[in-house]
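What follows is chain A paired twice: with chain B in the first complex and chain C in the second.
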Partner chain A sequence: MKVLLTAAQLSRLPVVTVQGGEDVAEVRDVIYSPEAGSLLGLTLNKRGFFAGRRREVLPADAIHAIGRNAVMIPDESSLAEPGSAPDAVGQPPSGRNVIGNDVLTEGGVRLGTVRDLALVVGSRGEVVGYQIDKVGGGEGYIPLPAQLAVSGVALVVPNATEDFVRDDLVGLGAAVEEFRTQLGLA
Partner chain B sequence: MSTTTWFILLLVVLLLAVVAFVLIRRLRRRGGVIASRDKR
Partner chain C sequence: MTESFARAVGRRVLSRATAQELGLVARLLIDPGRTQVAALIIGKGKNARIVDWDQLSGFGPDAVMLNDEGALREPADERERRAAGGDLELVGKRALSGTGNGLGTIADVTFDPESGRLESLLIGNRDVPPSSLLGIGSYAAVLDITE
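Entry: the complex of A and B
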């Protein structure tokens, strides 16, 4: 079953093993590929109120399923040491957090700031867009692939993106296909 | 100041330190959304 979630909803979800039903970690960072529009993996916190960061990471390939209330993995061996995980997940780049980035069109128009990432999750994760705080107030959603560049400071998007800002996640679903068609990607 | 006052003051300081510790610990647990460096 596919579910539309934001990265904020995904963050703090428990990571549970399918085989043992054990709650082994909780989600910390969401790492994604802005070009491929795919979820690459998750970094983790240990369980418990005072517990800190967990050394192991969870590559997307090792995820059994992502639901509204938990991230399911086959067993605890699905967690990977940073050295054995893909680089993007094992050593996530610093200064590349997109939350709070300005969204600018290539024509120099500021559309707002990134508040969150919208994902369709199920057996795998697909990034479908960004949730933004619009310049004029209120929230909006822009479809992916929208960005021409992501720097950790600004998200540069094609001018056409301005016409595809949607007010809710449901509207975003329809806008993604239309936007991809317009960009010649569908 | 009396001993009781000092004692209450010490308790308040300790309480504030515990609250600060918990808040910092919780804030450090907050994650982010990280864009990978895609190879073109």
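Entry: the complex of A and C
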């Protein structure tokens, strides 16, 4: 079954070892590539309220699976020191955050501002859309093509996106494939 | 005939040789291969003692009989110490699928009182084969099943 989560829902999920059944960390934030729309990894907190940050990061390829209730890793050695992780994960570039960016269509229509990422989770995470604060008020969800122009100020989406703004994550799940098919990407 | 962890806990443990009552079953410990009850844990906290399954003369409906009192021993390794402390307790443990979805809690575990062989894990209203256990820890039991 396809599970969609926003990055906000992903944060605070426990990181649990499959072999050990131990909760070794919890998700702090999502590291992703806005251009490629892919999840690169996760930053981590120690378990428990106010327990603070863990130095290690979790590269996406070390994730066993992401579910509704936990991020599963084979064992604690899946966590990587920032120095030994790929640069994009160990030292994620700043200034490319799309949260708060304006969403504009190629035709110049502003759809809203980005509030959060929407990810399809499972054996690996993929960023498939954004949760936005719509221009007219209220929240909506837009699907993403696989590739996208982003500047750190605005992101430009195909004109067709306007027809695929959905009210909830479930609607977005159905819209993503339809949208990508229409763009000839799927 | 089937026994269960929930029913076995609290059962009296006696020595066959001396007819002395040695304590009550506090927990059951399964083997690392997850096919078998490996040992019983008698008593709690600092008083917890271990008796290996092959030291039992009978796992009866009213009492568990040991060959003799000398079969009781201290926890021998880290795994046994954690088990005695309740870290590896299956009953009441959160169950997670390997894909990170919650399955509920393990309500009970059934086994054959003759052989100690595990039969099934009861999770919600499902019977799950013990072979689907991938890992057991203080946070969760991880199971190779789809929800």
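Assorted remarks:
The working rule: the second predicted complex is superposed on the first by the 177 of 186 C-alpha atoms of A that agree within 3 Å, B and C clash if a C-alpha of one lies under 4 Å from a C-alpha of the other, contacts with A are read in each partner's own complex, and residues count from 1 in each chain.
Operating definition for what follows: a contact is a pair of C-beta atoms (placed from the backbone, for glycine too) under 8 Å apart; a residue touches a chain by one contact, two chains touch by 3 or more.
Quick caveat: nothing in here was measured; it's all calculated off a predicted structure.
Of the two partner chains placed by the overlay, only chain B lies in contact with A:50; chain C stays clear of it.
In the superposed model, A:7 makes contact with chain B only, not with chain C. Look at A:84: by the touch rule set out above, it reaches neither chain B nor chain C. Greater residue coverage of chain A by touch, when chain B is weighed against chain C, goes to B.
Using the contact criterion defined above for the overlaid structures, shared-chain residue A:40 touches chain B, although it does not reach chain C. Once the two complexes are overlaid on the shared chain, A:21 sits against chain C while remaining clear of chain B. When both complexes are overlaid on chain A, the residue A:122 reaches chain C alone and has no touch with chain B.
Looking at the shared chain after the overlay, A:65 reaches chain C, while chain B stays out of its contact range. On chain A, the patch touched by chain B and the patch touched by chain C do not overlap at any residue. On the side of chain C, the complex with chain A involves touching residues 96-102, 134-142. Only residues 22, 25, 28-38, 40 of chain B touch chain A when the two sit together in their complex.
Touching chain B in their complex are the following residues of chain A: 7, 11-12, 27-36, 40, 43, 45, 50, 52-53, 88, 92-93, 96-99, 116-117, 150, 152. Within the complex formed with chain C, the residues of chain A that make contact are 3, 13-14, 16-23, 64-72, 121-123.
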